[in-house]
Amino acid sequence: MAGCASPIAVCREVVTITDDPIDPTALLAAVAAVAAGGNVLFVGTARSMTDGVATTCLAYDAHEPLARSVLAGLLAAARDRFSLIACGVAHRLGVIEAGEASVAVAASAPHRQAAFEATEWLMEQIKRDVPIWKCEYRPDGSHAWVHGDAVPRSDHVVRAERDNLSAVTSHE
Amino acid sequence: MPPSSMTLRVSLFAGMAEAAGRRTIEVPWHGGTVKDVRQAIVAMLPGLEPLLARSAVALGDRYASADEPVPAGADVAIIPPVSGG
Amino acid sequence: MAGCASPIAVCREVVTITDDPIDPTALLAAVAAVAAGGNVLFVGTARSMTDGVATTCLAYDAHEPLARSVLAGLLAAARDRFSLIACGVAHRLGVIEAGEASVAVAASAPHRQAAFEATEWLMEQIKRDVPIWKCEYRPDGSHAWVHGDAVPRSDHVVRAERDNLSAVTSHE
Amino acid sequence: MPPSSMTLRVSLFAGMAEAAGRRTIEVPWHGGTVKDVRQAIVAMLPGLEPLLARSAVALGDRYASADEPVPAGADVAIIPPVSGG
């Protein structure tokens, strides 16, 4: 549990996975601290168009226990790596209409650069390794689950990165 | 119950559940590692092979490595490339 | 007025300079759009400690008409440079207690990278060129206005950067 | 009113206002450019020189360049290095 940025702040991480609408303001409030100078909130929202193709709505599926576990590991890693005061993530599952939030990430740090870097890093890791999947629904009634080519990384790799060892060792 | 009659429940998600037509499959299981689970799935549902090749395997709430042993009662899940966020 | 990221979005920028508490949620809502996939909000808050020195409160002074003008130029520049859908800034003046927000910047874009880059860029420019000043009050009753060494840049330079010409030409 | 009796109002902020002991000063003004405004201020309040050397000058709601002419009624402000955010 190393890496708390300030003795007067409570080190904390918040993971929320929910079928209900996300409350980004609550997430931002959850990372607030008097030791913080920089607070960054990212909110990912469902676009009405993706690469010129209209999307009527999205649906998200997840392996919830694994997602919670991987997210908790990522938040702990981010807190240590960027000397955060606090950080949190909320991800919504089920059907999401255009304009609604699917994900929110927040980080607080004494200075703004760490908060920016941590939030960007967390979003990259979430999109790479957290077992949550998006299905795009089109106006013609068709749908498609989105799967890229990158094999989700094991928590061994996340741990190795957290310890600043060099990259990929154990792609299962 | 002799080992030859044992099965392993494997959870599927997203496009893999859609390709299999269900969210859970039961594969014959005589013991082995994560690598053997993959082979058992492909033997039963060869159509899953392309996506399975790009998938990780989870045991409970953590990702598993290829040589980990998998007991018959294990909570096994196939994790294809993710698209959350 | 080039650079609107999407024909279905209203191009807009929001500047707020106020003696009242900042409402970051309202700023985030002001940049929301169905064409947006990434929304970033930065909130700068008054720290109780800066480099080991306790701060009881901060006070901000500003040349308000110039600050509004420079901020409007920066938001327009950010919108074009990062193909934003919308962006906004709110800055508070007067006395600010530890934990309270002094500044908020928000940006929305089709993809998250542009929203992150724009928000960071805007914060850098604001801290460099917008005529607002901070006074730090210490527990012993002393205070100090904070002035760095960088001469605030004229809007000529901002315009030149917006047009992607190479840097500094007209430091007054 | 002959030019020799004209003055220019100059707004000061933050540490510069504190150094001058006021938020507005009036300097004698016979016409000239932004550069001449700087010289008139230093002639009247030499103590402002170090911070003035690192300051920009604004006319109305925009930053001004060194060779811009400054009419007697201009809205002139000295903008020392900023610390907002």
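In order of appearance the chains are A, B, C and D, and numbering begins at 1 in each one.
Operating definition for what follows: a residue touches a chain if its C-beta (ideal position, glycine included) is under 8 Å from a C-beta of that chain, and two chains touch if they have at least 3 such contacts.
Here the structure is a predicted model, which means the values were calculated and not measured.
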Required steps from chain B to chain C (each step between touching chains, minimum): 2
Intercentroid distance (Cα basis), chain B paired with chain A, Å: 26
Separation of mean Cα positions, chain D and chain B [Å, integer]: 75
Distance between the centres, which are taken as Cα means, of chain D and chain A, whole angstrom: 50
Where chain A touches two or more other chains, by residue: 44, 123
Complete list of chain pairs which touch one another: A-B, A-C, C-D
Chain A residues touching chain B - in the complex, by the definition given at the top: 44, 60-63, 65-70, 91, 102-103, 123, 126-135, 145-156, 170, 172
Chain B residues touching chain A - in the complex, by the definition given at the top: 11, 13-15, 17-18, 34, 51, 54-58, 60-66, 77, 79-85
Complex contacts: residues of chain A adjacent to chain C: 6, 8, 24-25, 28, 32-50, 98-99, 110, 112, 115-116, 119-120, 123
